[in-house]
Each structure stands twice: as C-alpha cells, then as structure tokens.
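After the structure tokens below, expect a handful of questions from me.
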Amino acid sequence: MDAELILIQLFSGVALGAILVITALGLSIIFGMLGVVNFAHGALFMIGAYAGLWVASLTGSFWWGLLVAPIMIGVFGMAIEWLLVRPLYGRSVDDPLLLTFGLSYVLVEAVRIVFGNDGIPFPTPSQLTGVANLGVGYFPIYRLFVIVVVAVVLLLLWLALEKTKFGLIVRAGSRDPTIMRVLGVNISKVWLLVFGVGVGLAALGGVLAGPMRTVNPEMGSLVLIEAFVVTVIGGLGSLLGSVVAGLLVGVAISMTALFAPEMGTIVMFALMALVLLVRPRGLFGKAA
Amino acid sequence: MSAPLLAVENVGRRFGGFVALDGVTAQFEPNKVTSIIGPNGAGKSTFFNVLSGVLTPSTGSIRFKGQNLTGTRQHKFVHLGIARSYQITNIFPELSAHENVRVAAQAARSRYNIWRNRSHFPELGERADAALDSVGLGGKHNETAKFLAHGQQRALEIAIALVSDPEVLLLDEPTAGMGPEETKDMVALLEKLARDRTILLVEHKMKMILGLSDRILVLHHGRLIADGSPRDIQADPDVRRVYLGQNDGYA
Amino acid sequence: MAMLEVQDLHAWYGASHILHGVSITVRQGEVVALVGRNGAGKTTTIRSVMGLMPRISGGIRFDGADLTALKAHDRYRLGLAYVPEERRIVPGLTVRENLQLGLVASAAKINEREAIDEIAESFPRLKERLDQEGATMSGGEQQMLAIARAMIGRPKMILLDEPSEGIMPVLVEEMGVLFRRLRDQGVTLLLVEQNVEWALRLADRAVIVDQGEVVHESSSAALLADKAIQERYCAV
Amino acid sequence: MERDMTVKSIPLAATSSGARKATDLAAALTNWRVLLSIAALCLLPWVLPSKALAVNVLVYGVLAMGYNLLFGYTGLLSFGHAAFFGAGAYVTGIAIGQFGVPWYGAVLLGVIGGGLLALAIGALSIRTRGIYFSMVTLALAQLVYHVALQASSWTGGENGLRGFTVAKIDIAGFSINFLDPVSKYYVLMVFAALALWFVSRILNSPFGAAIEAIRENETRARTCGYDVERTKLISFVLSGLICALAGTMSALHLAFVPLDVLHYQTSGMIVMMTLLGGASSFFGPFVGALAFLLMEDVFSLWTSHWQIIVGSIFILFVLFLPKGIWGTFLARVVR
Amino acid sequence: MNDAIRNLGQRKISRRAALAGLGAGASFLAMPWVARAADDTIRIGFPTPLTGPYAAEAKDQVKSAELAIKLVNDKGGIGGRKVELLVRDGKLNGGEAATRTLELIEKDKVHAVVGALSSAVQLAVNEVTRARGVIYISISQSDTINEKKDSSKYTFHEAMNPHMTTAAVARHAFKKGNKVAHLVADYAYGHEMLRGFKRAQAAIGAETVGELLHPIGAPDYSTLMPRLRAMKPDILCISNFGRDQANSIKQAVDFGMKQQMKIVVPVLLHNQRLAVGPEVFEGVVGGANYYWELESKLPSAKTFNDAFRAANGGAIPTDYGAYGFTGVSSLLLAMQAAGGTDTEKVVAALEGLKYDVAKGAQHYRKCDHQSVQSVLVLESKKKADMKGANDFFNIVENEAPSEDVLRSCKELGFPA
C-alpha cells in the first residue's frame, strides 16, 4: 500500500464526509433550536432530489434546480412545522418524533405515486462532468464541486448565524427562548423559519446527491440513519459537532475501505458505539 | 442536649463559578423543628438538595447517625431515614392518592419483585392508608392525584415523604401556593408531625415559622448568617439587615 | 395618566393559586416599589404583567392598550420591558450581542451602533467588556447588562425583579442613581425588591404584597417611616 | 419543552367519579384481563380472513405488548426493539437448524438470547435520556442488523435463515401437526397466553408499580428510594425477553427468519402498533397489532400505495388520539 | 439537460396508463374477502413485491403473468377449467411473502405458487411450499436454490442463476490474459456472481487483479474507486443488483473508470438502465434472460411481445417481467399435459416438459429443476444509436441452452 493511495483515500474520506455533513446539518439545526428530531429528514432529502430534478426539467438548467428546490422544499417544511409539528409543542418530546416518522411514510409513498417506483436519471451537469487529477489520483469534478458547495454552505451558515440579526436571534433563542419572548421576539416565527432552513438543507443535500447517486423514492432511508449516527457522534444539536463527526465518519469509512471495504457501514455504527461509551453526549454535546 | 441526629460540616456547593452554598456547618437534634429562611437565592434549595442527596456537596460532609453520607446515591437517603417533599408539587399525577403513597412505601422493600402480586404486601397498603389519614386525606384514597385540590396535593406530597417513616423530614415550602384556610390546616398537620420527628422546613410565611420552629437558620448568599431561637433571630441585626436592607459591606 | 393598570389579577401555576386578586396602578413617570416577603407573589405579579404566566384572570392595561390577549413579545413591542430575577444573560453571547438582543425586535427605530455607544456611556463597566462573553461576568455586571438590555430599546416602562439581589452595595448605589436618571427621562419603573429600605428610598410609591394580595399601599416616604408595617410584612 | 405527563395515562386506574357501572366494567376489564384476552384470542382465527393473519396478530401482539412494557409503562421510547425480536427469531432458528435443539429448548434459548442482547443494549443506552435514548437504541439496533447481515454463515445473511421447519410438536405423548394452520395457531396461542399472564403479573407486581412511578415522575421516584437506572434496565430486559419470545413465535410460524426482522422499519412498526392500540394499556398492543395488520391487509388489497394511508392514519393518531384506539375507548366509553 | 428529464411529464402519463392496466390485477386482489365457493377454478398464487424498490419489476411480472393466464383462458382453460391468478404483495420482505404464501395455500387453496423477485423472498416462499408439498415455480435469480440443501421435489427454477449468466458474460467479454478487478456486494448473491465469474475466468485464462467487497445497499462507492483504479484492470466486474448496480456503475463512470477499463455486470437490468440513463450505461456488458428485441429473430418472442403490447397499451415486456410469463406458462403447459392439478402428475409433467414460450427452447433439468435456457449477452447502446425509447441494448451473444453451463448435479449435492 503506497502513500499515494493513502492520501487519495484520505481525500475520498473528507469528500464523503462533506456529503455526510450536509445530510446531518439540517437535522442538527432543527434539533438544536426546537428540540425536535425530524424523522422525515431522509424523506425530505429524497423529495429535495426529486424537486431539483423537476425544476431542472422545467428550466432546462441544473443550477436553477440547485437554487430553487431547497427553497421550495424549505417552504414546504415550514408548512409541516405550522400544520403538524406546532400542535405538539408542550406535549411529550416523543410526539414530534413519532409524527415525523409517520410523515416519512406518507412522503415516500406520495413520491412513488407521482414519480413511480423506478429511479429517474439525474445527469451530472455538463459543466461538471469528468475527472480532475489531484496529483495523488483522479477525482470526479462534480464531487469536488459538492465539497465546494458544502464549504460555501457552511460558511454562509456560519455568517448567517454569527453576523446577522436573525442568526443572533437563533443563537440566543436556542439557549433561552423565554428571554427572546420578553425582548419582543415572536419565537414561534423563528422556529418556523429554522424548521424551514433545516428542511431546506435536507433538500439541498438531496439535490447535490442526485447526480452522484440514483434518484429514487428509497434514497433517503439510509441517509436518515447516517444523519442520526453523525449527529449522535457529534452531539445532538451541535453544528460544529455535526461537521466534525461527519468528516470523522467519512474518513473512518474510507480508511476501512483500505482493509475491509465491506465493513464500511459497520464501522460507522461501531464508531458511534465507541463514542457513546466514552462520551454519552457525543463529542460536542452539552451536558443536560 | 441530645446527640445530633444529622450534622453538616462545612458543606459547600458550587455550580461552575457560582457558589450556591458556602461552608455551612450545623447540627440537628432529634424531634425538633428547624426552619431555614433567607431571601431568594440564599441557597436554601441547594442546602435541601444536598441534605437529600439530590446534589453531592463540593466540599464538606454530611453525617447521619454518625454515618458519612457524602457521595451516597440519592435513592439510598430515604432508606436510611431522610425523606423530603418538594416546593413545586411533585407527585405521580395519573395515579390515585393511595397508589401515590403506596408506591413510595414499597420503595423501601420488594422494589424489584416481579413475582408477587401487589396485594401480597398488605402492610404497604395499610401504611399508605395510615399516611393518607394522618395528612387529612382520609376520604380521598381513590381520587386520581391530578384531580385533587392544590392543598390536597400538597398534603399528598407530604404523605409520600412520610410513608417511609423517616427520622428526618425535609419539607420545602409545604404551604406554597396555598390560601389562608389551607395554610391553617397544613400548620396543624406540621404541629402534629413535629411531636415525634425531626423536621427541617423551608418556608416564607413568617408567622407560621415563628410559631412552629424550635430553631431557625438564616442563609444569605450561601452562607449561614444566623442560627438560633425564633426570638434570637428576630432580634439579630444581620438578619434585619438582610430582610429590611440597610446596606453594609456585603459582597 | 395611568401607565399600567392591573385589576383583580389572579394567577395560577397548575393547581397552585398564587395571586388572589391583585390590583395595582402605576402612573406615567412614577417609580413604584413592590415589596413583601419571599413567596408573597411579587414576582408572579410582574410575570403576569409581562405575559409569562400560564393561567391568569383579571385585567391588565398598559398605556391605554389591553394586554390580556397579547403575547409577551407583543407587550415588549408596546414599550414594556422586563428584567427577570435570574437576569438571563444568554450564555455564549458577548455583552454586545446581549445588548443587540434588546434591539432586534424593538418597535422604535434605533441606530444600533449609537444605541450601544450611548448605553456604554451609562454603564462604564460594560463598556470595557463589550466583547467579553456576558455570562462570564460577575453577578453585578450581569445585572447591569440585563438592565441595559431592557433599556436599550427605549421602553416606556421597565419591570424589574429584584435588581439589587446578590450585588455589591457600591453597585446597588450606582443602580439607584441610574434608576433616578431613568425616571427623570420619563421612564416608568415597577420595582420588585426585597431590599426594602433601598427600594423605598428610590420609589415614589410602595405597594406591599403578602400571600398573593395587596395588603398596603402608600407613598414610600410614609412606609419608610412606618416601622410597624415594615416589621409586619417584610421582616422576620 | 416539558414532558407532559397527561399524554400517557393509565386508563385502568379506578376513579370515584363517573357512573358506577362504567367503573365496574373498568374493574372487570382489569381483574379478568388475562382470561378475557385469551378468550378473545381463541375466537380470533375464526373471525379473521386467514389463519396466517391470526398467527401474525399473536406474534405482533406479543411483540407490541413486550414493547409496551418499556414504552407505555416505563415511558421510554425505544426505536430499536427489532433487535430483540430478531434475536429471538434467529437464535431459535439457529438452535433448531444448526444444532438440532428440540423446539422447546430452542424457544428457551431464543428468549434468553434476546434477553442478553437487551441487557447489552440497555446497559449502553439507558444512561442517555429523552430523544437521545430513542436515537441511540435505533443506531445500536442497526448495528445488530449489519452484524447479522455480515455473519451470513450463521444467519443466512440477506438470504434469510431457513432450514428449520418444525413440522410437528410433541407434548406429553401427543403429536401436533404444526403445519396445520389451526393447530399451529393454538400452540402459538399458548405462548401468547403465557406472555399475557407474565406481563399482567409484572404489572400487578411491586415492580410494575415502580416502573409506572418512574414513567409518571422520575425525580419523585428517585426521591422515594427507587434506583431509577436499575429499574429502567430491568424493565428494558424484561421487555426484550417478551419481544424475543415474539421472535421465536415468528420463527416457528414461518420456518424462516428474514433479515428484515432486524431492520429499523420493524422497530418503527412496533411503535406504530403500540401507539395505534394505546400505549400504557394492557389490551392496547394487541388491539394495535390487530388494527395495523388488518389495515395493511385491507389497504394493500385496494392499492399498492397503502403506506400513504397507514402513515396518514398514524399522523392523525399522534395529533388527535394519542391514547390510541383502546385508550380512547376506555377514556370515552368505559369511564 | 437530457431527454430523460424533459420526458418527465410524459413518463408520468405513461405511468398512469400502466397503473390503469393494473386494474385487472387489483380486481383479483379484492378476492380474499369473498368467501370462496368450492369450484373447479385452477388457482395460482403469485406473491410479488408490489411495494418497495422493485415494485416496477413486480408490476411488469404481474402483467405478463396475467397475460399467460389470459391466453390459456381464451383457449378454454385447462381441461375446461378456468385459471385464476391470485396476486399478493410480498413487500420484498421474506416474512411478509411467507405469510402471504401461507394464506394462499391455507385459505385460498391454490394449486401452485409462482413468483418472488429477490433471492431472500424466493427462499422464504420455498420454505413454506416445500414443507407443504405445493408446487412452486421460482422466478428470482439465485444459485442457492439450486443446491441440495434448499431443493425440493416441488420447486422449479424458471429464472436463470448467476452461475449461468456470469459464465456466458465472461465467455463473451473476457480474453486470455485480461486483468479483471471485481467489485462485489457482500452477500450471498454477490458471492455467487463472483464465484461464477472467477470460474469462467479460470477457464479462459484471465487474471484476477483484485476483489473489493462492498456493503449491500451502499449509496456511495467513492472510497472504493481509488483502489479499483490502482489495480489497473482491463475489466471491472460489478457483481451486485438493482440500486447498488445503478449507483456503483454511475460512480465508476464519474470516476472516469470507463475510459480505462470495460465494465461488465452479470445481469443488465432494464429498469436500472432506465433509471440511470444511457450515458452512464453506454458500453456496459451484461447478461439477460430476455430482451424484447429477440422478436426480430425468434417467433415465440414476437408472439409474446405482440400479445403483451396488445394487452398493455403498446408497452414492451422487460427482462424480469418476462419471468412472470415464462414461469406461469411453463406451469400451465405442465398442467395441460398432466390433465389437471394433481401435484405429483404436474411435477412429473414439469420434469418432462419441453417448452418455447418467449425465449427459445427450455426444459427443467431433472436433479435441481433448473430451467435450461439460452442466455443473452447484451451491451448497452450509445444514446445516439437508440432507435426508440426502449431500444436500450444490442444483443451481442445468444448462448444456446445447454446443461453444460450449469453446475453439475453432483456439485450441487445431488446423487449423480
């Protein structure tokens, strides 16, 4: 095994991690602010991919799909919060989880009805096809693009959270919703928007994944589990945790691929069990 | 003066950088009522939580009948003979009053028994009945707890603590949220209990405290600033300062 | 003119009936001290006014508007600010950010930078620490920050829950000066206090609450002089 | 967001208010619950469209009942109970097919196997709280799924475990044809009856009171002197044992263990059944299993998109009938 | 954006038409609630995964199975008895399929069972039918079911198995001295395909330069690509199925593998090619049991296609769909030969049956009841070469049926 292979493998791990980060981020944001575990996250990821495809087919451009679909599905997410999740605030913390679990059934089946059971081709946009030579090996240009998009999204998210008024409200509101209320902030509206952003991120993950994977109604089910594992490792509700854990899992899987690639999925779960043993709240989780 | 039943020695508790309880030392003798007073944030709740094992003290030790309790897990306190009630009503809302108390009674024994029927332990039911009767809930045994009136819920709260037949009873604002009539009933109950039990009481209703207490401890900013009979406490200049607010060199 | 009118206010926590018909009127520009022992219902009264109690009955009017149907955030936008007992400086946020929170939803058009500069002049202790994490400061500094945060949106009235609690005397005095200045600017203050003497020296009028009811109302000077009433409702 | 205690009620607790007759009915339902259940189960194969469906009601009823011990009575939302169901099924199948263990021994081993797995997963997950607990149980159960997939020489992997058909069951000199659907149903009903009796026993025992107390108010239960963590773990293991029994029943019934028994979708189905029927009620899980399986049966005849109907109904239950079918019946009709 | 995307709207419409076509199936589905009068109808159970990822294939199977029934009924049935197909949703779950099969046998008293799409479901159904002595024609690809351990007197295997397809594909695609890398799904079916390839490889003299296993159902293969590339193979053999196949081929293409090596799969799937598009699949070689284009050379294929088109609004039968037709047809032919539904007689008739219903001559081998049949080797077309919406593949080889391409009876554990 040469050093070059290990290097490219490390890079593959980071790239895979970037995809895991984008799938986990929306879940983590919603939990951090609302305390809701969105079990429909995977289904919304899938719907995002379909929406991206649909918009792309209407406009003839992948870029519109990438831009519009997350917003569209984000708005749809706000409708979900308003209609279904909001009535459950103040009830058992289990209830939103159960509700979104039921919702995932409905969403997946609805897509099957509208788009059929087969997958649908989601071609890589022509500007991003082909491979690039990284010096240590070849890597698809589209995946490099995904890494860039994830990095940009993380940067924008960071800027939005740290540098804007709304970000300030979100940061403060996730720690102390009551004080926000007495300072004039309608926290319900904030929750609505945050839910929309979280769902929009899931959809963005779906659109980005579309050209890498096949687009089909079941594409979200494993994503949900991956997102869970990443957020549990990172610490529920910690955005930094999601980022670090996503990269960690990606690298762990790619390093495993050097020795026993068939263990890729197990490694992810084993890593989680290990973290739980050592730090039950996850790497960046706050004590209760 | 009899030997202390419960003694705390230099007990302190900090949360991060905040010192909630700062080196409190006190002894409690059997069958006496001791009230703990002090303004908001004085450390009364922390003191109670330390005494009932909810919190482990950061410094100092707690001794009960000569045994060091520091670090003992919370659920063991009641087995040893220290029971408590809560300021905010803390009962089992969906269970009947009787079940509330009986489930507390069985905590001392047969906790993990899955083979016997609950009815095989009639003495638990009897003790529960007795505890309910003693707090004046005689006619309410089968009432679902959440449907009881507030005062009755407070009484149930005490019955739950009482049923383990503790030597030390820690009562956190037993009359919180009560009207004058209910308060009167509660005071009568406490007077009855005080005959053969060591009671530690956190309360705000001054008349009641002065009437009931053998002794009063005053906490302020986590420190014990006064310890004495009600009369001594009323006259204590430090206490007056805390309550009426003449300024001094406090930090 | 009455800035705040509370009429026959009852409040409950679950089954626990805390307030039994409290009525208080605060006139515009007035400083009123709400005193009484621990657990008397002072905090519950101002929490009710701010819209933070799960269940109340009775009437609350503020500056001519009926508050009873309004949520807490709408009350703030009408010009009613609140400094909670626990101060609630948001952890992880700097002093500046905590101050900004007071402006994010304020109805008044206020230039953020100017407002913060202005506040920093009034609170020299905060000025030095604008970029420090708020929750790491001392209790007194946090209290100052909580008050500054409530002031920055230029409210018509501020409800203060035990501002002197746990604070060095020198700071308590500073705070007194500040409150007087606020009153001079026409801001109405309702002050819940356990430090009776300090509160009475500061306030125009005093209301004593005991066991969920108003038991005494007078000018603060009169109450300051009436040791018997003080003993009865405030002392041990 | 505070955990609201009113969501999960104990509908069987007697009240002094309400009509006397209704109270008598509630008391009778409680006192005779095991016999009533068995009587209902005796009739089941003759009212359902098929015997195989009736057996499934037994299997999933026991499964949901075991789950309910943890979810309904102890107040812990596990999303990983497929692991114990699957463990029971796999151990039974492996014991019969690969070691020639007689069926009763295999059932015993299956239950013990499921219990040991529950002990391991419980010990890891019980330290976490609330939603964390749900996610951790889910993820650990998925780990079990993937281990079973990899260990194909034992489990048959993705192909499923087979080769352990039990054709007849010999008891006390009698030989019962296990391929006959009616005989099979009543043999498996004996298991279900044992499980019903066992759960009723637990609920009636002091331990049953303890777990309800923990569900109602964990803080107070601890103050009363309960070792909450230990009690939860015992409850977790007992729940796992019963779910493992359901697994062994399923293995005997189908003579096949599909890998899908371990998938999180199975865990989700258990949760749905329990909630539909009514968590924290004795009859609820069986009612839920029956309702769910019938629904699946009926709707999947109408349309291959039956999941959209089942999912919508589940959403409506969470929103408007959190007590489930039986719990609502008790609250509205019996009281 | 390519045609597939622009065609989205049209696809929807055709799908609705397809669903309408399923109406007939749905009417059968409503039957279990009706008390079944004792009649002399011949009932054939058909468990298939109508829900789940392979629902499209399953619906194709139902359509073509119904066609087989209809053709026989149009001719007056079997010995005057009508034939009825009882479709049940197995949900791609062995437990569900086994339950549905139990219901079919115990309640609906079916005379035989045909169906199952995945290996696991097939084995579950087989477990139920063989214990109860019910005829089962399995139509899912697997080597396992040929082996003695899972075999049954009553079970017949109409679908090809990995051993046959890999051998045919390898004979066409591998040359002596080729370097072959394998990417294999880590489960029985994947291992079976790998075994088949390696065996054929040894005979041809191609060298294995590496094998990588991947977890079944993995959505991402990027971490495996650098190692596969480093092996510098001439041929990349991808031994997996369905979504895994689509994902792994797509990602191999993304990583530029196709420029350096040929991609070969054991089975080319119509629906995956549809789902991923022509660009990705271009030049990929794989085996198949059926491809509609056979009609240009084979009269039975033409007859089948025409009947299918007529019944389904012009749609063509797909590879897995065709199994529904060939499987049910072989059973019906045997029943005709046996003069009814007597199990032993039908089994004997199946064992002696020679049939050509859609894909050339076929017969069931005696020992393992494997259908001996021709194997197609297909190559996916360039988009520019496609003559119609369904013109996916070139038939590059049509291996004649021969028992020699199967594992020997002895090898499978049967007495010689």
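Going in written order, the chains are labelled A, B, C, D and E, and every chain counts its residues from 1.
Just so it is clear, contacts are C-beta pairs under 8 Å (C-beta built on N, C-alpha and C of every residue); 3 or more make two chains touch, one makes a residue touch a chain.
The model shown is predicted, which means the values in this text are computed figures rather than measured ones.
S.K.: Work out which chains are contact partners of both chain A and chain B.
M.R.: The common neighbours are C, D.
S.K.: Quick check on the contact graph: shortest path length from chain A to chain C, in steps?
M.R.: 1
S.K.: Have a look at D-E versus B-C and report the one with more C-beta pairs in contact.
M.R.: D-E
S.K.: Compare the CA centroid of chain A with every other chain's and tell me the farthest one.
M.R.: So the chain farthest away from chain A turns out to be B.
S.K.: Could you pull out the chain whose C-alpha mean position is farthest off from that of chain C?
M.R.: E
S.K.: Centre to centre, by mean C-alpha position, how many angstrom separate chain C and chain E?
M.R.: Roughly 77 Å, centre to centre.
S.K.: Suppose each chain is reduced to the average of its Cα coordinates; what separation in Å results between chain B and chain D?
M.R.: 41
S.K.: Based only on mean CA positions, could you tell me how far chain A sits from chain D in angstrom?
M.R.: Spacing between the chain centres: roughly 33 Å.
S.K.: Give the residues of chain C touching no fewer than two other chains, as numbers and ranges.
M.R.: Counting only residues that touch two or more other chains, chain C contributes none.
S.K.: Got the chain E residues that touch at least 2 other chains?
M.R.: Residues 55, 186, 215 of chain E touch two or more partner chains.
S.K.: Which chain A residues reach two or more other chains?
M.R.: Residue numbers touching two or more other chains: 112, 262-263, 265-266.
S.K.: Identify every two-chain combination in which the chains touch.
M.R.: Listed by label, chains in contact pair as A-C, A-D, A-E, B-C, B-D, D-E.
S.K.: Name, in rising order, each residue of chain A that touches chain D in their complex.
M.R.: Listed in rising order, the residues are 31, 35, 37, 84, 87-95, 97-99, 101-106, 108-110, 112-113, 225, 228-229, 231-232, 236, 262-263, 265-266, 269-270, 272-273, 276-277, 280-281, 288.
S.K.: Write out the stretch or stretches of chain A touching chain C in their complex.
M.R.: Answer in residue numbers: 165, 168-169, 171-172, 175-176, 178-187.
S.K.: For chain D, which residues are in contact with chain E within the complex?
M.R.: So the residues of chain D touching chain E come out as 49-53, 56, 146, 149-150, 152, 156-160, 162-163, 165, 167, 179, 181, 250, 254-261, 300-307.
S.K.: Give every residue of chain A touching chain E within the complex, in rising order.
M.R.: Residue list for chain A touching chain E: 5, 8-9, 12-13, 15-16, 19, 53-54, 56-57, 60-62, 112, 114-124, 130-131, 137-140, 142-143, 209, 212-219, 222-223, 253-254, 257-258, 260-266.
S.K.: In their shared complex, at which residues does chain C touch chain B?
M.R.: Going through chain C, the ones touching chain B are 13-18, 20, 37-40, 85, 136, 162, 164-166, 168-169, 172-173, 193-199, 211-212, 230, 234-236.
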